[in-house]
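Contents: one structure, followed by commentary.
Order of writing sets the chain letters: A, B, C and D. Residues in each chain are counted from 1.
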């Protein structure tokens, strides 16, 4: 427990063939406990596996003769920003587990790439340091609300002062998922969590950290955060039509469909399967962000065609961070966007709007 | 055959990550023949495997923003008792195969945990010794009826005198299942079965033991047992709507859905799949107990949401007994209940009643 | 090619745990080429594998409280004979590949067991020798019709003179299936085929042997055989409702549903799946015999519940023959019947008639 | 990069058991980079695997008593030619990767076999040399259109002067698929591509080669090619009803259903599954050619029964070329046709027309 935590400090260009490879490579440079924390999921890993498999529940019928000059246009206009693509950075705790440079390197890589960076409440770096390297690119704040409203307000103040444009309220992690890798590794956070006033983080188990946040979240919290911060609030962790409706009626400005990367409830639906149900209910009233299981440009394509407006990635970026620092982060976004561009060409879609209007094919042979 | 039977005599705290692990560990401390008897199932093991896989035939859609303070309330009020949770102990033959302390240790652990213990007709310990350690906690008696009514009455007398609150009539084992592990191991019971007057047990094959009980069970037996004992009778082994109806009309006070842990008929439906059909037929007229395949808190959740009132576990407890004696027994209940509590929090359910009202999602991709 | 063919000559009691085991054991005592010929199937082995897997396309819901004394009654009355069970012996070519005693040992074992033996056109023993050991038990003749009517009549004469009660016209093997094991092993029959006047067999490939029989079979052949022999004609290899109708209208006295054990067309339906379609069309107008894939008592049960009147087994008996001669043959029938009896007890069925009226459950999770 | 490219130069008879075997054997005689280019597919290889698995989505119910003399008649009359069978040669780039004899050997083998040879734009041999060995057998030209109309016209001139009867416009490869094997092997073409005026090929990556062709294909290109060449135009790579309709309305004389052997878009439908949808839309207005995944005579059968008029094979022929030169090419066609003949006999189909009218059975158990 007392031995010093030594992880990667890489900063170098990264040659990516696919982001699955990065997971294997990152395992070699991240200490076992930290790697287990980052990579694993809840219990029998059913839902984490399904998150990826579920993209084959729907197939794309390629169109031809669509008169498309490569590369197609994948930019997205969102809240006044022109994003390089619909890909954005998901909130992920404690980047210093993967690279001593931590969130600063990630934020810099994502900024250079030209898209949204979501700062986690459980970041291992201060809000200010992350905001400082954003170079004008949009930045959101993911909130683990405190049991104590004063502490919550303190976090919102910091976020607002540092330019957060959206508050992302995580609603699916009011207790830690049952993650067996962490139990087997006796994992405690080897780094501090400076943003949350209610939790030091250092040498604490993930369970303890999660339980120190607020469990009894309710729709009222949306209004509370919105009123206090004056910022739009997105609710993250929505997987049902009912909750999407509740959240929108309670004032949510966006719905973030996610099952926390399969880290919380095992035996729940795949995030991609949930997306289709939620999107039908939301019916374009507010934007939808999607995450959990995205590993391919084609996954991005299918998520957009299923109702997502933005697609967030987490683990692949952290592996890129471990292997190449901010340059590794950039390389991951470039890889997935290159895959997306090829998919656009081969499916005959000129721009993101056309992807969204694509009718996917139900795959009755999927298992 | 004549070599003395030596099994575990452990009595120690048990650190459980999941109950699947216990099976592997228990294999190391239980002699091969006894382990085969405990762990295995009928023929090609299709139904025993499906028992566990079937829980993924239904998925749970997690709800958020439900204002739940951890831990939620999982207690159950049943027949005048306040049980810690819906988990109870299933009848299992010959606990002395797993631990020299036998049923006394199991009964003590379960009592300490605060839930129902079901004493098996084929226990390797006397009824009195098991009843003696129950410390006020409820205790039921599982009956393998005798061909001879006198012997049946003798067993019922003992159960009643020792405080049994329910008679559980096993109806799905009127002959032994075709269990190949036992045949390969030339397994005979190395311990006696003191409760049944019609069968010594010692050095007898399981087939012989089963055949010495009554084969030609009929609905009349329910009335016979009920009239003689004056106790409520639950029929165990029901897997069809038709049999649930027959049993209720014949006076059954409860229906126990089970396929005997996949030990009897191979090529039959998974117990969890049967539960949904049976529950629809029972329609809350009598309580439903469910077993076969329960290895996760989420399995308990899904069984409750499918119509079960109580959920019984067997093999996992016996593995806990082998590894830790009465403390191992307690640890197994604690593990599954901890998993259940986390599942309740993450699915947004405040109490057992809410679980029961949860709508599960049909998983069309299950295989 | 010229080295002498040496195979098993075993004659001994056989302890059977399941008939799958026998396949492995038989592989050790039968020469590779002969074993490949017996055990293998067509091309990618898709249909041969599906033949067995298909039994899980339907499940049985066990009934309880049915007042059944073990053992239930599994006898069948068929064409004036009281058979021990619905199990009969399928026609199989060249038993001398598996045991030097050949068909005589098989016929003796089956007779002792009390059921129908089907003599193959491609037997490695004379008709007379096989008929001689039948001891009053019924005996049928499977016919590979000749291109030359005279040769066909000659075979029918021999069969009739030796007491055949049914002529089984094989219709699904008018050319050899594409069996790759035989090609890899350069397999030729190391034994002669004395029954067919048009083919010696010795040192001939299976392809050559099949092509020497009549390819252009038509419904007229049914009438021809029936008229000439005066015996009932069963058409073997029927897998569609259309062909069942054609055969019945052409005078067939029985329909034998089979895909030749997966040895002929790969990519066709499993025999058990075909049975249900055919049985619906036949609608009890003539008896149905079923084979292909039967390895368990429960398979027999499910076939009966799907419309079969008799269930034929082939490969398992040949493996029994290889390992134990006539005693091995008996042991295989005993094993499957014991499994059937247990299945009857555990499903709550008193006799074969009740099995036939059992409603199977569609298994939507089968793959 | 500078080391000389050495591949097989075999010219010998080839004994084929099935064409899957050839893939393994060819791997031994083709250099790794070239083998990777030939054998592999896009990204996760989902679609390339599904291409083969999809043939089991439909099953054939064998008919019997159909009065068929072996062999049945599998010839096809097409555009004034009597083809040996519905099997034709698909366009495949750079045969010199597999055999130093290149396309000349393939063209000779296919001519000898008596069917259509499709010359690829990316051939490693001149058009003239390939056309010279066709010996009167029909020959088609597959076109990768140029960004520059002049270059396109130049290719069409050469094709027409050398006797091309059909122009096959590839529409599904307007950018290279994301093929990871090529990236891992740093594969560049070690041979030149003499037919395309706009691309040398030598030492170029496949990506570069593909991007040098025209990306922005549209329906107008069909008319352009048709008008200029005066030849019928088939559009290759159609996988949707919508595109079939667009192509026919734009003047296409044939539809070639293909997903480029799973080399382009991963996560798209299997080609065989697309065939059924496309064929319904085409409704016999123009001929349909089918490729992608054909490895068995039964695959040919099922494609014909699903609406194909001709079935093209690629990789298996290239493996035959690697292992046996022109004789290997012939052996591959002979093998698949022998398998088709056996399938015709065993399914009871007299000729190709009957195959086309065969009703396939939906396989609900396929996964």
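The definition used in the following text is that a contact is a pair of C-beta atoms (placed from the backbone, for glycine too) under 8 Å apart; a residue touches a chain by one contact, two chains touch by 3 or more.
Not measured: the values here are computed from a predicted model.
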item	value
Graph separation of chain A and chain C (steps between touching chains)	2
Most distant chain from chain C by Cα centroid	A
Turn needed to bring chain C onto chain D - CA fit, degrees, nearest 5	90
Copy pair chain A, chain D: interface residue numbering same or different (half cut)	different
Whole-Å gap separating chain A and chain B, where each centre is the average of the chain's CA atoms	42
Geometric centre distance via CA averages, chain D-chain B, whole Å	60
For chain B, residues contacting two or more additional chains	367
Interface residues, chain B side, partner chain C - complex	43-44, 46, 50, 53-54, 57, 171-172, 174-178, 180, 183-184, 211, 215-219, 221-222, 235, 237-240, 242-243, 246-247, 250, 259, 264-269, 274, 366-367
Chain B partner contacts - residues on chain C that touch it in the complex	17-18, 55-56, 59-70, 296-298, 301-302, 338-339, 342-343, 345-347, 361, 363, 365, 367
